[in-house]
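Look at the two complexes coming up: chain A is in both, with chain B in one and chain C in the other.
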Partner chain A sequence: MAKQIAISMETKIEEQLPMDKIVDKSLKKTPTIEVNDAKVWYGDFMAIKGIDMSIKRNTVTAFIGPSGCGKSTFLRLFNRMNDYVDDFKMEGKIKVNGRNIYKDKVHVEELRKEIGMVFQKPNPFPKSIFENVAYGLKIQGITDKKLIAERVEKALRQADLWEDVKDNLKKSALALSGGQQQRLCIARTLAVEPSIILMDEPTSALDPISTAKIEELIFELKEKYTIVIVTHNMQQASRISDYTAFFYLGKLIEYNKTKTVFTNPEKEQTENYITGRFG
Partner chain B sequence: MANATYQREVINQAGLDMLNLSISQLEKAKEAFVNHDSDLAEEVMNIENRVNALDLKIEKDCEKFIALYNPVAIDLRFVMAIRKINYDLERIADHAYGISKYVVDVDKKIPANLIAAVEFDKMFATILLMFESITDAYENKNVKAARKVFKKDKILDEINVQSFSIIESEIKKDTSIIAEALLLFSVVKKFERVGDHIKNIAEEIIFYIDAEVLKHNKKK
Partner chain C sequence: MNNLKKNKLIDSAFKTVGMLFTLLGIIVLAILLYNIIKVGYTRINWDFLTSLPSRRASKAGIYTAIVGTLDLMLLTVIFAIPVGVGAGIYLEEYAKKSRFSRLLEINIANLAGVPSIIYGLLGLGIFVRFFGFGGSILSGALTMSLLILPIIIVATRESIKAVSPSLKEASFALGASKWQTIQRVIIPSSFGGILTGIILSLSRAIGETAPLIVVGAMAYVPFIPHSLFDTFSVLPMQIFTWTTRPQDGFAIAAAGAIIILLAITFIMNGIAVYFRNKWQNKLQ
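Coming up: the complex of A and B.
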């Protein structure tokens, strides 16, 4: 059933966006992430019940839904974060940039260079600001100090943190404010130059000003990156995303342009959820 | 009842009150005009304050609802629609006030034959049917009822168009009725405008319920 809904939603998105009429050139590009009939179990519990989805390059896609609906599990399929969970089992195909990431030959470390992740709570290492951003590069085996310094500066600038920290790069990252720490984590992700950034409730622990900065950053970053964000904040989803996917009980209920989802959703369940009538 | 649901219901009820008040104002104004009843006309003019107060209350409640509850989807369409419906109802009540002011300011009873010649009663009966349809549409979220008003508005348009030549010929027949004829002509114009406002309200109800935009759409 979920598969049928997802397929029909996909068809509808395509219908709404005939390729020759798309103003936004980035939408003409091929999908970055393609999911076919994804199913996930934790032991006997089926967390994802057969989802198809195609996420386009250089777009921001928001995953919304009540707690336990499977949105974070689904997000974590894209960089194989669920592999560490006991009793995790999955079926289906997930292609990232055209490559099936659940094939045996795929190196998870390589995959995570391609797909960065930002978590709910800022999690800087107990190291200096510079070392935090340089960490991923060093892990990759890059030893050229000049190159590392360049990439660190570039990442900090992209994360809109450079001006705040350029004179204190040796300072402990833990001394930064919550909002700055989260931007540092984004810089750390950007430093290894991924093409996709996954964000799991990246602003839920931040104040409104820090949240606004992260949201502005997301808007700027989508020029170069494909961003998928899980959020419980409906206004955030409507403010920053191009597409919104609503999940419920492990199924993809509706996946559509954000403007459509928040003005005239096709499914009653979506409407009930976003208007707070749910449950 | 959740607070947002309660606030929405408050606005919904105020919208219904405004609808009923505007209908009642126009009915009284019509009666006052046809019967040259200046007492009834003054009553309409006095009640205009209540209309204005309710208009402001609805505006304020809608603003509060948007600011505090961040409505989306059907809730957003509801509050957007109510604001426009409220505007149209307030304009209808303004027309009722204007008609009543004619009765109070101009000491002239309109001859019955003139009223009959322009199909004044048919025009007002059509307006009442249109009011009935939008009340049903508003109260019962009945899109079908809302759609009924589009055809009926055409009847008002036709009567309005024909009224010019009818009144012109009536004046030619009897020049002593010029003032009454012009007065009647301006009330016919007001009724035609009321029809347009009712049509706008129907469009907004359809937008709110079905998310269908009919504004500027000739194929309704």
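Coming up: the complex of A and C.
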């Protein structure tokens, strides 16, 4: 079952949009995230050992690598989620839409409206479906009920969840299935209207059918958003991403078009990893 | 005897012993209740509840003690809850993990175990003498607040700790500030636990006598307190005094007052449990 869906997804994507074409187009656009010599320490442990990278607008970039290679830490630099970790220290420059986000004058709250995040485990609030999606709007001080209702509906439609829940908006979000909960979390992120969405292994807690739905969704969202996704699933990276970055021991080993990384990797380490020889 | 059999035997033996110990607690409580109700039920009537204390046992009532107890609890709630919950939130969410904050944590945990009479002496020194509030209901309530503060702080912290970090992350990732996250995610999710802590602490406060004796609660107060600076009496105080009297009538009156005190405690707990369950159902 799982295999079938995976295969059909793969062929579907390739039929619709030849990979090279998208990549060439997006290359001309300005990068949306630019990283300059980023280094991260947790206490004495150096988790990120100097990474340069630029992520292009309206693309899907996948971060792959074995556990503990720093890919999640690196992802969380972009919306400053590491700030809450004790002993976190960072050096280097990260520009998001042209702004250095680790300068003191940047408000993290503002930054996170620009960069949404979807987590590994679906984490809806113990509130109603509607309240979950409206959360990001309400904390911005938006009180116009009509506007909130419109944005909630739009976000739920974008996340392909509207048809499932439109009659039950007042029901607790915890009553939804795991896959629906994750799509709710995506809707919650979309409602704030960010330009970049970070996803930290968004399908690792889901069954294959829900995974396929999320992947389809990511593919649709690419038109409007820049998506960076951490994944442990090699097939997933090759199915949905335009670019793939391979991390190992806190370093960026290889970063290229997904097709190149998976068919003709430059580095031996990358090849060993994607062919399953370690990791 | 082989190992498997031995383990099974130990298993069932522990089960039986555990059950006996559980029953022991319930049986003792039942006997206690039975004895008190047997002695005291004759005094439970409207007159007993609405009469002022008296030298004659048959005429003595607990009106001032009930009103004093309720007033004291109300004031204690007003003083202790905002401070206790606020301190708990601060320590859990804002305070940096430093040696100072660890020292603070250990001290608060220790304070929860300090004997209540020590709080009475503290109250006497600070509120009665230094601030000059005298042996008033205000001094009593402030002393009680100090007494239950550590319990509320510890309970608040524990229930905040139990909130899944992934919910906090979700809130932050949507652009919420720390206070918005506390207000909209952390407090609603930990409310049940905080409420339980408050109930427990108030149940302790309602039965305390020692600190109030030191602070200056009276056993014989023939009037209702009209201001924060009036003297007052509370039910445990009344019970304590009556049980020291030689006349039989006062023993019966004391039993009656104990029934009322227990009833107030049960009602208070019942209301709180009701609200807690209602809250939790709303979240599900």
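Here is the rule we use: the second predicted complex is superposed on the first by the 251 of 279 C-alpha atoms of A that agree within 3 Å, B and C clash if a C-alpha of one lies under 4 Å from a C-alpha of the other, contacts with A are read in each partner's own complex, and residues count from 1 in each chain.
Quick note on the criterion: a contact is a pair of C-beta atoms (placed from the backbone, for glycine too) under 8 Å apart; a residue touches a chain by one contact, two chains touch by 3 or more.
Computed from a prediction, not measured in an experiment: that's the story for all the values here.
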{"item": "Fit or clash - chain C, chain B, common chain A", "value": "fit"}
{"item": "Touching partner for A:S210 - first (chain B), second (chain C), both, neither", "value": "neither"}
{"item": "Superposition-derived comparison: chain B or chain C, residues of chain A touched", "value": "C"}
{"item": "Partner chain in contact with A:G136 - chain B first, chain C second, else both or neither", "value": "second"}
{"item": "First (chain B), second (chain C), both or neither touched by A:E110", "value": "second"}
{"item": "Partner chain in contact with A:S72 - chain B first, chain C second, else both or neither", "value": "neither"}
{"item": "Chain B versus chain C as contact partner of A:T189, first or second or both or neither", "value": "second"}
{"item": "Distance of closest approach, chain C and chain B, by C-alpha atoms in Å", "value": "33"}
{"item": "Residues of chain A that lie at the interface with chain B and also at the interface with chain C", "value": "none"}
{"item": "Interface residues, chain B side, partner chain A - complex", "value": "2, 4-5, 70-77, 211"}
{"item": "In the complex, chain A residues that touch chain B", "value": "234-235, 238, 261-265, 270-271, 274-277"}
{"item": "Residue ranges of chain A touching chain C (in the complex, touch as defined)", "value": "79, 81, 84, 86, 108-110, 112-113, 116-117, 119, 121, 123-127, 135-136, 138-140, 172, 174, 185, 188-189, 192"}
{"item": "Residues on chain C engaged by chain A in the complex (per definition of touch)", "value": "97, 164, 166-167, 169-177, 180, 184-185, 188-189, 283-284"}
